[in-house]
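Two complexes come next, and they have one chain in common, subunit A, joined by subunit B in the first and subunit C in the second.
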Partner chain A sequence: MLAFTIRRILVSIPILILSTFLVFLLVAWGADPLGDFKSKNPPPSASEVAAREHALGLDHGLLVQYWNWIRNLVVHGNFGPSVQGAAFDINAELGRRVWVTFRLVICAIIIALILAVIVGVITAVKQYSVTDYVATLIGFFFLSLPVFWFAILLKIWATDINNATGTNIKTLGPPGGEWGGIGSWAGYLVLPTITLALVSYATWARFQRASMLDVLNSDYMRLARAKGLTPRRVMVRHGLRTALIPMTTQVTLDVAAIMGGTVITEQIFQWQGLGTMFLNGIRTQDTNAVLAWLLIAAALVIVFNLIADILYAVLDPRIRLA
Partner chain B sequence: MSVSRRTLALQTGAIAAAVALAAAACGSSSSSGNASSGSSGNVQGSSTAGRNTVNTATVKQGGNITWTIEKTVQDWNPLTSNGNTFDYAQVTNGIYPDVYVPQPDYSLVLNTDLMAGEPVVTNASGSTPQTIVYKIQPNAKWSDGTPVSADDFIYLWQAQNGTNPNVDVASTTGYSQIASVVGSDNGKTVTVTFKPNEPFSDWKSLFTSILPAHIAKQHGDVAASFTWLDANPPTVSAGPFEIAPGGVSADKSLIKTVRNPQYYGKAANLDEVDFRAITDSTQEPTALANGEVDGIYPQPQLDLVNRVKSINGVDYHINQGLVWEHIDLNLRNSAFGGPANADQTQPAKVALRQAMFTAFDRQGLVNRTVKQFDNQAAVLNNRMVVPGQPGYQDNVSAMYPDSGDLAKAKQILTSAGYTGVGTALVDPSGKPVPAFLMRYTVGNAIRQDTCNLFAQTMKQLGITVNVESTDALGKTLTQSDAQHHYDIIVFAWVDTPFPNSANQPIYTTTTQGNPQSNYGYYSNANVDKWLADATINPDQAAREQDLNQADAQVTKDAYTLPLYQKPTMIAYKNTLGNVRDNPTQIGPTYNIQQWGLKS
Partner chain C sequence: MTENLPPRDPNDEPGEVDLGPTPGGRNAEFLGEQGQQPGLAIDAVTPGGEDVLGGGPEPSDREFGVQARNQWQLVLRRFRQHKLALVSLVVLFLVFVFAFLGPVLWHYGPNDFTDDFSVAPSLKHPFGTDSNGADHMAQVMAGTQLSLKIAFVVAIGASVFGSIYGAVSGFYRGATDSLMMRLVDLFLTIPALAVGALLGKKFGNNWELLALVLAGLLWTGSARVVRGQVLSVREKEYIEAARALGATDRRIIFRHILPNVAGPIIVLFTLLVATAVLTETALSYLGFGVQFPDISLGSLITSGETAATGGRGWLFYFPGLFIILIALTVNFIGDGLRDALDPTQTKVRA
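And then the complex of A and B:
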């Protein structure tokens, strides 16, 4: 197991480097970090442009720029200067924003997971019943919902509810990631959590249903029933436990995707997390900020993939990693 | 469970890139809004002259409000290249004072809290340089008790005079023409002397965002301190508000400012004005409806305007702003002009340019786009100033009718010897007119529509115009590489209340590779002369004549075609008094100390 883990970590390093290189080229070719600056009216002088290019390291060729970036990162742990201003420290921003995004995501995952397991099990056990059809319909409804549209709809409903009842549901994220009291905490979380949770729930519930159906139709379940175990014991001890194994790995894999995929949710609810950092980086043609986001996203994918594999081995005694 | 990790990582990169491109499109589109004027719940179209008194009200002392900005505040020095950002200035307007404050009607009003009377200007005469003597109010002081003095004026000049390349400044305009800034009278009198033969007619644009020299001195030389002031929130204020202790949130999305108890002028009405960053303008109306903010200032678009209209208890106003859209021709294209030093006045080439502008239906464009939500949107017919600014006159429509004139355009081409008019245009020498590449900012739907409409019109003249987007407007304008070039382009200029100096770099003859703002390399000796005179002539009427002569000549030479002014939009709770739109670069917080809750 240890050798497997180490090998996987080592393999991930060139993958990370390659992905950063590709994105570096795409961003660098796609936009001029000083485009806005050069377009100012009155325009900056050639010497002012040159000074800024020098300060940002843009006066070198692309390959040198990339080399400088990666060297700076490896040697100094520094993601480099930002075109977004003197006070925009990419390292500090990353450190702060990871937790903002994490807090946003974790509640959604917990709620989605609980809902998905319950609904997945019920719909599997009551396959082709009215309950199954209704749950399936609802699941597909949420699956097909465009997140940005649903989120905006939620915000408008929340505003109406607030105006009608005096509640304090927030449509904007907590400034500085500061929650305030428990009421304020809930006010900030409710809308983005619902948005993120329902989409994940729909996917996971379908996954759990399929997994549970596989298990229910297996020989050992029939044997368990034949041995005279109670239906509840058969379902929970033998069925659910086994059906949760693929679900566990699926959720673990999805955590990274959800973390990286909160761009739209963060933007709509104005949470200053990783997603908004990425969008602002794109808007301002801030190559270093975009690269930093990519590195975190790619690292999350690799780490959670690794965790998924390890969990799979731990949970399923038939699997052994070498 | 055997998913390839390499595939996953590559997928991540690909997804990131795809999202990046999509996001870039979104980002660009946010700068593309459109114009109109009117107002809300009780829609009122305010004339330019009437803008200064919109929502004038008696207000009570006290109260907190939250105002929306569209960027998290990363820079605090409004005079640096990064700090010179509209949203940042909304916060610092109440902290770092200006000598002259641009008003909503584009006029300039002396800040009498700060200045003891109008500056005394001595115009240049012969070898005698222009001088300006400023008198600072004796009681004007920073919030730590240090007097506002000539030192603060000297610091601004030293930082912005362009002599130190290490100082990151947004502009050196005006300051680079100053020979000296000297203090006297205990620092309360400031004498500015310009260089001989370099007077500056837009001198009222000088000494905005006065910074604390005594704080700067604690943080190194001019370059180092200028950067320090950019990276750190203001620690002192000479305006009616100051940053509250701990008032900057960790993510800089919430800035709390409170009334400056040491302010020497009339105290602010509100106890506190918080600035909340909402970086997606489409989310602003919901935040306003939900009471999370009390006012917004987004770029209006049809959906956004309709959403604001539906909010109870909110007033809104849409005005014509100082940002205006236009179509430019690249005169480096040999069909329009030619390479460096080519004669741009060859009759056939002029005729082609004139015919293209004559044919285009600008009114139709306005009707299809900005007029959808702004019933006062109109075709713009001057490049130097906008309606309401001194000296505005129509220098365009007589030659290029608002609604276009296809027949006249064809006649111009035929008279100039072109054949194939309406089918496939051939120039008088028998050479087919090449297809032109027209560019617009990616994601900007209105500019895309503009290009498509222009291309359709040109087709009727027998001219092929291919429309392509650009994801890097700056690169394309400067034509920095083979991928970023254009023959025709649509983009916007941002005017200021200081047209005499702002227009010169846009239309003055320039050299290859150094276009300044004259990206299409337009050249006309008379225009050069008139615009140069406008920057130095002390007589307002003469300057207006200079600008209009230059504008008329640019019309005749068919270099740029002005389209329309982009609108500005303000919306706020109707319990707020004295909050109003200021479509100049200073924005709505120009009078923040007068804001208050209606009594």
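And then the complex of A and C:
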């Protein structure tokens, strides 16, 4: 087990390094950090532009730039200067915003997971029943829903509900990250959580249904019934336990994608999390901020892939680690 | 009496029915088969079963209209039994007509300003107008057209490239395969939406380039699935036969392997269309996709968002409705195709 884990970690390292390089190339190609500066009116002189380039280290070749960036990151743990001014410290921002995004995501994941397992199991047990068809239809609908549109729709509905009943569902995130008491805490979370949860729910419920169907048709389930176990015990102890294994790895893999995919939800509900930092980074062509976000997203994918692999090996006794 | 007997399972291969004229005539033969399975009522009609026997009143007088169906006819038959997919196909076709024929027929253009400012939907303006007096239905037509164009270019580009990539990787195996698949892993570490936003900001003023960027981000799924399929297909006897006949690698990949993994490729294609529509509209909504003066359903929602909070909901609901229509119908069609293309799929289950 330990050897497997170590080998798996060692394989991840070159992928992470290559990933940083790919990300760096993409950002260098896609963004011009001096774009705003150059398009100023009156246009800055050539020497001013050159001075700026020198200050940001852009006067070197691409490979040298990459080397400087990665060395600065590894040796000093520093993501580099921002073009959004000295007050915007990328490292400090990351540290603060990662928790905002985490709080946003964690509730959604838990809710989506519980719902998906329940619905997935029920629809598998009652395959081809009306319940199954209705749940599948609803799932398809959520899969086809544009997240940004749905989020705005929720905001409109929440405003109507607030006006009608005097409740206080917040349509925008906490300003400056201040949360207040538990009541206002829930008020902030409800809309973005619904948005994020429904999309993941749809995929996961289908996955859980397929995985449960696989198990239901297996021989040991028939044996368990033949032994005279109660149907409930057969389903939960023998069926669900096995059917949860593929689900666990799938969810682990998706968590990284969800963390990276909160960009739209954060933008619409105005949460000062990682996603809005990324979008502002693109708007201001702040290459270092964009790079920092992409690097974290890539690292998350790699780490969660690793966790999924290990979890799968731990949970499924059929997997032998030779 | 039993002329209308359908096959017991719509998925029965034609070969399972003995086509040769038997002395006792068709009916006798079928009765014999039924006789071995007393549990089956002779006139039972299976769902979606067809009158394959021709249903003539005097069956013994004429040849039976049963002919061997090729694979695609079978697929078509099974697809037709998926009612939701069939309805979706019709709806999607109507959306296409609306988007491509609509602008030709409709007497307002998306940038024509009328004297009706912020008018709610009416007969004159079925989707209402915006605050500049532009007809919203014309705008939605233009937006749907561009979003559809981008989605299909993305899906075609990504599935063609992904399929060839996956086929080559799976066909050569070994070091080539490892290298190519590690490259896919590398691509998968980068969130498509984020890179789409980054590059869309640069290329968004040209929709063809934007589509190319999105295709470049979404091809990995097809590559992985096709590779997996190719790994098993390449061991089949007919591949060995082709090689024995002296076929080149390229010929084997394009003429023998890819056509035999067409099923998953087609299903993935439909899923890609849905993903592409949702991604493109999301990017355009954020301002990193299609840019003015081009109109996408996503950029319409950007302007509709504020309008909706001001009580002019039609500017927000209609573009969203069309995004859902496209994504939902395409997903249903994909689901129907998946059922139709899967040879192990049977409708009757124990």
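FYI, the second predicted complex is superposed on the first by the 317 of 322 C-alpha atoms of A that agree within 3 Å, B and C clash if a C-alpha of one lies under 4 Å from a C-alpha of the other, contacts with A are read in each partner's own complex, and residues count from 1 in each chain.
Everything that follows uses one rule, which is that a residue touches a chain if its C-beta (ideal position, glycine included) is under 8 Å from a C-beta of that chain, and two chains touch if they have at least 3 such contacts.
What you are looking at is a predicted structure, and each value in this text was computed from that prediction instead of being measured.
Upon superposition of the two complexes on subunit A, a steric clash is found between subunit B and subunit C.
In the superposed model, A:A202 lies in contact with neither subunit B nor subunit C. In the superposed model, A:Q270 lies in contact with subunit B only, and not with subunit C. Touched residues of subunit A were counted for both subunit B and subunit C, and B has more of them. Contacts of A:F140 after superposition on the shared chain: subunit C is touched, whereas subunit B is not. Legend: residue contacts after superposition of the two complexes on their common chain; A:L172 is shown touching subunit B, with no touch to subunit C. When both complexes are overlaid on chain A, the residue A:L279 reaches subunit B and subunit C alike.
When the two structures are aligned on the shared chain, A:E48 is found in touch with subunit B, with no touch to subunit C. Within the superposed three-chain model, A:V301 lies in touch with subunit B and with subunit C [touch as defined at top]. Using the contact criterion defined above for the overlaid structures, shared-chain residue A:A87 touches subunit B, although it does not reach subunit C.
Legend: residue contacts after superposition of the two complexes on their common chain; A:Y312 is shown touching subunit B, with no touch to subunit C. Counting contacts as defined above, subunit A residues 15-16, 18-19, 22-23, 26-27, 30-31, 152, 155-156, 159, 260, 263, 267, 278-279, 282-283, 290, 293-294, 297-298, 301-302 meet subunit B in one complex and subunit C in the other.
Listing the residues of subunit C that touch subunit A in their complex gives 182, 185-191, 193-195, 197-199, 201-202, 274, 278, 281-282, 285-286, 288, 298, 301, 305, 308-309, 313, 316, 319-320, 323-324, 327-328, 330-332, 335, 349. Residues 1, 3, 5-6, 8-10, 12-13, 15-17, 19-21, 23-24, 26-27, 72, 74-76, 80-84, 162, 165-166, 168-173, 227, 230-232, 249-254, 276-280, 283, 286-287, 289-292, 471-475, 477-478, 480, 493-494, 501-502, 505-506, 514, 516-517 of subunit B are the ones that touch subunit A when the two sit in their complex. Residue ranges of subunit A in contact with subunit B, taken from their complex: 8, 11-12, 15-16, 18-19, 22-23, 26-27, 30-32, 34-48, 51-52, 83-88, 96-97, 100, 152, 155-156, 158-159, 162-163, 169-172, 175-178, 249, 260, 263, 267-270, 272, 276, 278-280, 282-283, 285, 290, 293-294, 297-298, 301-302, 305, 308-309, 312.
Looking at the complex, you find that subunit A touches subunit C at residues 15-16, 18-19, 22-23, 26-27, 29-31, 127-128, 140-141, 143-149, 152-153, 155-156, 159, 257, 260-261, 263-264, 267, 278-279, 282-283, 290, 293-294, 297-298, 301-302.
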